[in-house]
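Shared between the two complexes below is subunit A, which pairs with subunit B and subunit C, respectively.
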Partner chain A sequence: MKISELRQDIFRPLCLPDPDRDIRGVYMGDLLSWVMGRAEEDNAWITIMSNRNVIAVASLISVSCVILTEDVTLDADVLALAEQKEINIFTTALSSYDACIALYRMLNE
Partner chain B sequence: MSEPLVFQFDVDGNDFTSAGRASVQVKKLLRELGLPADVIRRVSIAMYEGEINMVIHANGGVAEVRVDERDITIILTDRGPGIPDVNLAMQEGYSTATRSIQSLGFGAGMGLPNMKRYTDEMRIDTEVGVGTTITMVIHLPQPQ
Partner chain C sequence: MKELSLNILDIAENSVKAGASLTEIRVTEKDGLLTLRIIDDGCGMTEEVLRRVTDPFYTTRTTRKVGMGLPLLKMEAEMTGGEMTVTSRYVGDFPEGHGTEVTATFYEDHIDFIPLGDVVSSITTLIQGHPDTDFLFDHESDAFHVTLDTRELRGILEDVPLNSYEVIMWIDSYLREQYEEDPLS
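So, the complex of A and B:
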């Protein structure tokens, strides 16, 4: 599934510099070195962390997008960095658990 | 045999909100060299973990990356506090990170294990009060 096909009433894009990326699988986690070691390329990464290190990790492991839950957003400087590193970022009001369920449904529809 | 390519980076120990810069640059350089994607990924992960450790545990240092026909070698050198018990530090989940560092998402105690898992060779030379040098090697696939 392309990230541009996500339901945008649920997952609100904060920046989409690379909208043609595919989502293949999902990884949820907030501890960066855990995510570094376990998430796979093209996963959607669900987290509540929102500092600059999230952008560095997303870029290094090539996830297809970062989904910030609980209405977490990015500061302007972090958002600018995400644009520059071509990392797609969404935010959602859902909890991480509910975001996983919603994504599961969309991926398996 | 051609000379190895050598890249060097200063890792700033005061700025851990934007740490990871050297790793991101190395990833870009390796891409430009046309190396296989999984090699680039493994180097990036191992180097990022090492770079972050230098910033949060050792007040910065120097990162060197060497590329030749056979291997990629990452050498991370710091003059931080050293690691008193390397076997303990290598265990998954062991961390001395403070709460403020944990709030940035670090401190799972998975960095050194990740570095070991994603490289073919890893060596830690460390002395308490003097510093730490970590050398990691990733072999490149060889043409038959």
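So, the complex of A and C:
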């Protein structure tokens, strides 16, 4: 599934510098060092963390996108960094748990 | 990180890589504030490097494009209402008295406080991996005062390497016993 195929009424794009990325799997976690060691390339990463370290971890792993849950957004400078590092960012009103379920359904449609 | 002891390991490894002959790891816990200081006599950092040291996209590593050690420690400190500062004297500017000091404070009663964890294992891992480097570990709270200085051990052991199995096991026991001692007894 391509990033651009995500339902944007549920996952609202904040920055999409690389919309052709595929989503292969999902990882949910907020402890950045833990995510660094476990998330995989092309995963959609679900988190509530929103500082610039998120962009660094996303870049390091090369996740296909970061999905911020519970309406978390990014400050303008962090968003600009995400754009510069070509990290796709979405936000959603869903909880992390519900976002996982929604993604599971979309990935298996 | 899951435990601050892993941050200690990470930062102290940087000290060793910076050519430190002595790395001090000092932890104090007083009135709900945990202060972690890692002080080394390595090559230090230039002002340019120092300015960028908490930027995760700045790293001296060549194996990957981001450096997360100090940015993560800073984030973990700030999550509790604490802070992290780094001061450094670059060897090029200070041929004598060069080195780096990282200080991070954590409010232990904050819900996002990450526990210190198994700091003894971090210390023994450092000594095991770098037997020719000296480490001074000092952890003080109202309940205990744990200390180890490998320079003293080196004097006693003479030619026995610090990372020999028996020495590492002894250091591990020595530190753990100090944690268990009752200061009032």
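Some points to look at:
We adopt the following convention: the second predicted complex is superposed on the first by the 109 of 109 C-alpha atoms of A that agree within 3 Å, B and C clash if a C-alpha of one lies under 4 Å from a C-alpha of the other, contacts with A are read in each partner's own complex, and residues count from 1 in each chain.
Basically, a contact is a pair of C-beta atoms (placed from the backbone, for glycine too) under 8 Å apart; a residue touches a chain by one contact, two chains touch by 3 or more.
Predicted model, so just to flag it, every value in this text is computed and none were measured.
When the two complexes are overlaid on their common chain A, residue A:S62 makes contact with subunit B while staying clear of subunit C.
By the touch criterion defined above, A:S4 reaches neither subunit B nor subunit C. Of the two partners, subunit B and subunit C, it is B that touches more residues of subunit A.
In the superposition on chain A, A:N53 contacts both subunit B and subunit C. Of the two partner chains, subunit B is the only one touched by A:E41; subunit C is not. In the superposed pair of complexes, A:L32 makes contact with subunit B and with subunit C alike. 31-34, 36, 51-53, 56-57, 59-60, 85 are the residues of subunit A that lie in the contact sets of both subunit B and subunit C, per the superposition on chain A.
Looking at the complex, you find that subunit A touches subunit B at residues 30-34, 36-37, 41, 49, 51-54, 56-57, 59-62, 85. Partner subunit C is touched in their complex by these residues of subunit A: 31-34, 36, 51-53, 55-57, 59-60, 81, 85. Per the touch definition, subunit B reaches subunit A in the complex via residues 16-21, 23-24, 27, 37, 41, 44-45, 48-49, 52, 104-111, 113-114, 117-118.
By the touch criterion given at the top, residues 1-2, 6, 55-57, 64-66, 68, 71-72, 75 of subunit C touch subunit A in their complex.
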